[in-house]
Amino acid sequence: MQKIEAIIQPSKLDAVKDALVEIGVQGMTILEARGHGRQKGHTEFYRGREYSVDLLPKVKVEMVVADEIAEKAIQTILTAARTGTIGDGKIFVTKVDEAIRIRNDERGEIAL
Amino acid sequence: MRSLLGKVLLGLLIGVVAGCPPMIGIKAQAQTPAMMFVAPDVENSQRSAEADRIAALEKQVAAQTAAIATAQTSGDNAWMLTSAALVLLMTGPGLALFYGGLVRKKNVLGMMMQSFAMMAVITLLWAIVTYSLAFGSGNAFIGGLHNMFLHGVGLDPSPYAPTIPLQTFMVYQLMFAIITPALITGAFAERMKFSAMLVFMVLWAIVVYSPMAHMVWGVGGLLNSSTGRFPCIDFAGGTVVHVTSGVSALITALYLGKRIGYPKEAMQPHSVVLSFIGACLLWVGWFGFNAGSALSAGTLATSAFVATHFGAAAAAIGWSMAEWIRNGKPSCLGAISGAVAGLVAITPASGFVSPMAAITIGLIAGAFCFFMVVKVKSWFGYDDSLDAFGVHGAGGTIGALLTGLFARSAINPVFGKGVATGVLEGNYHQILNQAMGVAIAWGLSSVGTLAILFVVDKTIGLRVSEAEEMEGLDLSQHGEEGYEWAH
Amino acid sequence: MRSLLGKVLLGLLIGVVAGCPPMIGIKAQAQTPAMMFVAPDVENSQRSAEADRIAALEKQVAAQTAAIATAQTSGDNAWMLTSAALVLLMTGPGLALFYGGLVRKKNVLGMMMQSFAMMAVITLLWAIVTYSLAFGSGNAFIGGLHNMFLHGVGLDPSPYAPTIPLQTFMVYQLMFAIITPALITGAFAERMKFSAMLVFMVLWAIVVYSPMAHMVWGVGGLLNSSTGRFPCIDFAGGTVVHVTSGVSALITALYLGKRIGYPKEAMQPHSVVLSFIGACLLWVGWFGFNAGSALSAGTLATSAFVATHFGAAAAAIGWSMAEWIRNGKPSCLGAISGAVAGLVAITPASGFVSPMAAITIGLIAGAFCFFMVVKVKSWFGYDDSLDAFGVHGAGGTIGALLTGLFARSAINPVFGKGVATGVLEGNYHQILNQAMGVAIAWGLSSVGTLAILFVVDKTIGLRVSEAEEMEGLDLSQHGEEGYEWAH
Amino acid sequence: MRSLLGKVLLGLLIGVVAGCPPMIGIKAQAQTPAMMFVAPDVENSQRSAEADRIAALEKQVAAQTAAIATAQTSGDNAWMLTSAALVLLMTGPGLALFYGGLVRKKNVLGMMMQSFAMMAVITLLWAIVTYSLAFGSGNAFIGGLHNMFLHGVGLDPSPYAPTIPLQTFMVYQLMFAIITPALITGAFAERMKFSAMLVFMVLWAIVVYSPMAHMVWGVGGLLNSSTGRFPCIDFAGGTVVHVTSGVSALITALYLGKRIGYPKEAMQPHSVVLSFIGACLLWVGWFGFNAGSALSAGTLATSAFVATHFGAAAAAIGWSMAEWIRNGKPSCLGAISGAVAGLVAITPASGFVSPMAAITIGLIAGAFCFFMVVKVKSWFGYDDSLDAFGVHGAGGTIGALLTGLFARSAINPVFGKGVATGVLEGNYHQILNQAMGVAIAWGLSSVGTLAILFVVDKTIGLRVSEAEEMEGLDLSQHGEEGYEWAH
Amino acid sequence: MQKIEAIIQPSKLDAVKDALVEIGVQGMTILEARGHGRQKGHTEFYRGREYSVDLLPKVKVEMVVADEIAEKAIQTILTAARTGTIGDGKIFVTKVDEAIRIRNDERGEIAL
Amino acid sequence: MQKIEAIIQPSKLDAVKDALVEIGVQGMTILEARGHGRQKGHTEFYRGREYSVDLLPKVKVEMVVADEIAEKAIQTILTAARTGTIGDGKIFVTKVDEAIRIRNDERGEIAL
């Protein structure tokens, strides 16, 4: 099983989610995040004090999928999340050794 | 602190009473002067005792007349200053929160800032010219420039309100001039340039608000209920405030177009809690808005106060019921939206209708505005983001018409004691006057707003860039964030 | 705007003063009519000069009498309208925030919605029947139905308040009728069906609140301080508002049972910040609640205002001290809870006690309610979720009794000038009357509430399903969320 | 409820009018007693008809005099009670939110708790001794102890305010005494021990506030505008409230030193939204603060009200303009900070200046305070965390001086009708009196504050431990969190 | 070392945490999350506009444990987090190469 | 490629971020978290009810880096995040199989 972590623009979350559901990837977990990277931040002023904010709002979508559909899922995310501008985000893939459904102790790909 | 002297003088006048020990301790100040007054009389004691006593009485009565006028002013002015404060409370924080909670987190400050900007900018503009344009003497359509820079706007009472200082009237009316444009901001939420918003509002206050206020409330105004060509009854601004702002809102929404992603993307309110606080403050502040429009603290103020409260409550129920039936659940946002709709609709009627009539108006307005916001808006598909038109335009219009229906001379003999006022009293003609007032408000608002939008658009541009809109107004327009995510 | 005419008339009357130029510019309106009045007199100049002057004086004095009454009304009405607005502010947003902050995030809207619903539903019910039941003339226990649909509730003053319009009194009392049931909602927070809550409250307003209000404040009421069989002194509703709501809260908490997971699971307030705002607004609004109960703006209002403020401050200190000693730290939630407890306890006493006595009452109430909330509640283990009983039931009871102790005729000669009022003045009997009032409030509330709960439970059911409770009231009852997590 | 009797009596007096049907339904009560009065006269009918009528008139006039005084009191008292409530609203929730939003999340409750503690502690202290020290009769520098425990502070009017109960004046002034120390808390935000803060404030109220208030407003005070050695005009407390608190704030900031990590670490406001709400409530409440300082509801109150509003609006624009130019964007925090700065600067001037002058003062104050906060502070590098000095110290100082410039006898003949008041009227000397007032405020505040800080520091210690500071005041001082992160 | 990621119902967090501590698993990191899966969401209405919310509040508990106690930890979580209804969540297990305690640079299992 | 997860004190976030950027580690994603471990929590009282809070605010910094600079990044974090007191946090390292830049589909280390 593969764990796919996609860091995307918050505004793209719905698109990505729907696209994944479409191809049958039901299960996913979403986390609010802040990102730092090439995309340049902005400056904020409070009472004249300058704050250069280089942590930008991002959303992290995590899903564990069977190896065979991993690539399909990745492609789906890429198309759904892409705006073509700096800051679109990243996808990271790692191996997962075990998955368990808490409700009924099912293990392995069936648990996804 | 110096008001002491003034009051002491009053003490003297009151004190001039031989036999009776003056109440509430004015005594101290009173005795001595009493002498001073009596003294002279004593000299020419050849005059008959009766004559003396009469003369003394005449002096006292004369003195009392002044004292009574002062007391009357204190009572009325106390209420009017309170009302002015309450109406400001409606804009900040009331409306700012109501609207601020309905937008997405990234636009909360931008939204609130627009209301706050009105509190600052419209105030200066009022001092410079708009007060004069609205309430200065002019023609049937607009006031003159004699009162620019508040020239001649002093502390004596005026025909507008014979028992309170003119400046009280001026500042009270200013609070109306502030909230009206602020109401419009709900229509173009989350996408207008702050600078453009400022220019737009300044022009709007001059071109749309001032004439409308003059026509309805100004001396010699076309729609003035007592002297106008078409006596349109509008107690607290159903046409002047709500129809104008609501209709202008619709125009701006149409002109600016939809927000990016609307309606596909989800754009839920980021905090109904903030909106709830705002709605409650609007309700409370509205007592100053409507009951204050009596410009005194007598029975008329009470009548308007009561109508306001019952209208708001009924509309909250009207909207919630409609929602409960349609969606299966009554929502908190629905209830507060209904209350606001009711407050809008009762605005022109308060001070003219009975409590039960207010309830009727409220129920109708609540259901009607729900229909406008939920059905009509989606039919036409315009992005009146926070429903400024659906609530204020629609509510104001229906309210103005229903006022012509329910107005009762017993409560407010605007056309003279016992003269039929509303349709239900047999004055069928009044519905036309009301319609005329509404029509003029619609016409002036749409034409004026459209013209202004065009000018501003062609000069500095109305809308923020796409990137700025995505980033949110807080950062792009003001370089701030509403909430600090960490620590 | 139309109040003009009324005021102009007043101007005339005042203007009818030969020698003296009327102050504050009523002049304009005054002069001419002055003529009209004087003219006729001139004709029959055969009458002696003296007689003429006397006649003129009599006219003026007569006119002034009316003018004075009008001025008196303006002053008192200004304060009463302000007070009515302040009391509404207590419920929304005051209480709604105080309670809303104390629940978990998923129930914030549900909690606030319950207070808001009272603002809407109780208002209509008041117009329909409950005002009549509470203040209409009836027997010693409940009013009649003559004033249903506010029939006969007009703008003239009434025996209830001879210087303000009856409708002012009616709407002011309405605000009390709104907050009282809203206070109960704290007891069954996070688990009651919205529909059941509505039905329960409507019945409660009829069965419990109306009779209690009538007994204490209504004409011929059993506990009426001036005419009642057991003259119980309760200036602003210690028994009517706080004991009834507090005791009913306890009953509902016991009947509904605990929230799922209570007390094992952690259920901290989701935002003490919201509760803080609410508590401050309660404090400010309470000035209208207590000082407004003078039904005028004179010295009695001042006395009640001062007692209210000192009582609240002292109780905040009382609670904080107790907490500091017990937990080692004084909490913000503790301080605001203490203040509210003090406001509750001083409610019946305000308008009867000196500032120093108010401080004493506050200190006692603060410590006592802390003890009730922190110790007693955990002993018995009932889930009075937001301590509606611990604060209002306990605070109201102790307050009502202490009122009998500290009441002073010098401040409020309720039993006649100089007649001993409180126990400390030697009227030992009064403590029994107070106890009687409290006992009746306890009895009526517990029996009435229990009956209503039983009926509603057996018909539509009181509690949400377990799943709905886990999901939270915001989603399950209203289909909304208080805060939008993303963007 | 008991005010009934009083009012009924008034009804009688008013009712004693033969020919004229008393207005607004006092009739009921009136008729009968009218008889009682007239009856006796009828008996001795041997006296000439004229004499009788004169006698009757004299009785009525005497009665009316009392009635007028009562009416006057109702009007003025209505406004003063409202104002007192508004000033409390400024501290809680106003200032508490304004400051609470500016700190980091972990300190929000600690910040708000400090304001709330003032509402409780200063109130009790006021009853015990500080009212007496400030307004009791004493020498030119401080009042006596005769009024300790509010002894002799009753419901009759006083020379301080001849038309309202003394207790109204007392409680109104108390609200000033509450907010002044609360303002200081912004300087040492996020790092002071709660216990130390309490002790510091109690001492400060005695050592700094009481004498300053006495000197400026107290009978025989050194700076009293009507009787003082150096007649300094300060309508609502520019020196007493803002200079003292602002300067003391600076001293505490310097003495306590910087917060850990300041200025390297980012310490943005955790919620500008909260601060926005607070600022709006400050604006609204300030009407009570300034217009209430007229101690009556007449034209002077109106003048102060208007000046306050225009000053605030102009300053918001002044600050925003400066910010727009310097940072390229006008921020919401900037706009509200500017408004507060303007409210501070107009405080001493309101009640003395015209609306246009108020606008001038506002514009200057807005730009000046921006400069102080943004430039000067960073030059000297002290950590006046929430700019209590930059806004209140600077704004209060410039405001007090500009008052001496713009004060006009036409608006407030403090030195006698037509006597030149401000510099622009030719009273050049006044600028020196103003400077004297400011100098004394600076001197007393810095010396007093420094001494108190030293004492408290050496005894119980001022600052929380480093670990506590990192953890935040909410947890370390109060064992709470402002927001519950989960569920 | 194994990294155990458990996505659970927020209401079960305390139970899970206490159970883990009981069996000696002290260290863990908790993250707020939103989940999408079989569990059906709900509809929200704002001013008549319908929003079908299929992202439900979840809590993610992460802990890195020594291999030998991994299974024990998993079992503990399963029992503590289970309600038996859809939406109970998942447990994912991945291999961790290194763990370091920042305070003192301790590395490996001793750092846990 | 290695994924470095650092759980640190919120007050150290800026220091860590700046230090990483200094050594050329641009890309990172930050998550708000709550931690449980050796560091003892505190008690809170609400209306006399006692809550012992053992979940303390932490920040989780995630970055995927090329193998060769992993150790350097770790060292940088260690020095920047250390206060020497209990609660400083942990660093966990796991292998990442793939990294993709959404904007342009770049894969592998070049995408970081």
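First chain written, first letter: the chains are A, B, C, D, E and F, and each begins at residue 1.
Note that in this section a residue touches a chain if its C-beta (ideal position, glycine included) is under 8 Å from a C-beta of that chain, and two chains touch if they have at least 3 such contacts.
Note that the structure is a prediction, hence the values are computed from the model and not measured.
Peer 1: Same or different interface residues for chain C and chain D, judged by whether over half of the residue numbers are used by both?
Peer 2: Different: fewer than half of the residue numbers at the chain C-chain D interface appear in both copies.
Peer 1: Could you see whether A-B or E-F has the larger number of C-beta contact pairs?
Peer 2: Counting C-beta pairs in contact, E-F comes out ahead.
Peer 1: Take the average of all CA coordinates in chain A, do the same for chain D, and state the distance between these two points in whole angstrom.
Peer 2: Centre-to-centre distance between chain A and chain D: 54 Å.
Peer 1: Taking the mean of the C-alpha atoms as each chain's centre, how many Å separate chain C from chain E?
Peer 2: It comes to 50 Å between the two C-alpha centres.
Peer 1: Taking each chain's centre as its mean C-alpha position, how far apart are chain A and chain E in Å?
Peer 2: That pair's centroid distance is 18 Å.
Peer 1: Which residues belonging to chain D are in contact with no fewer than two other chains?
Peer 2: 24, 50, 54, 57, 61, 64, 68, 70-76, 78-79, 82, 266, 268-269, 277, 327, 329, 331, 333, 479-481, 485-487
Peer 1: Got the chain E residues that touch at least 2 other chains?
Peer 2: 11, 31-32, 34, 44-46, 57, 94-95
Peer 1: So in the complex, which bits of chain D are touching chain A?
Peer 2: Residues 263, 266, 268-269, 323, 326-327, 329, 331, 333-334, 337, 370, 373-375, 378, 387 of chain D touch chain A in their complex.
Peer 1: Would you tell me which residues of chain E are touching chain A in their complex?
Peer 2: 2, 6-8, 31-38, 54-55, 58, 60, 74, 77-78, 81-95
Peer 1: If you look only at chain E, which of its residues touch chain B in the complex?
Peer 2: So the residues of chain E in touch with chain B come to 44-49, 51.
Peer 1: For the complex, which residues does chain F have touching chain D?
Peer 2: Chain F reaches chain D through residues 11, 14, 34, 42-46, 53, 57.
Peer 1: Inside the complex, what are the residues of chain D that reach chain F?
Peer 2: 261, 265-266, 470-471, 475, 479-481, 485-486
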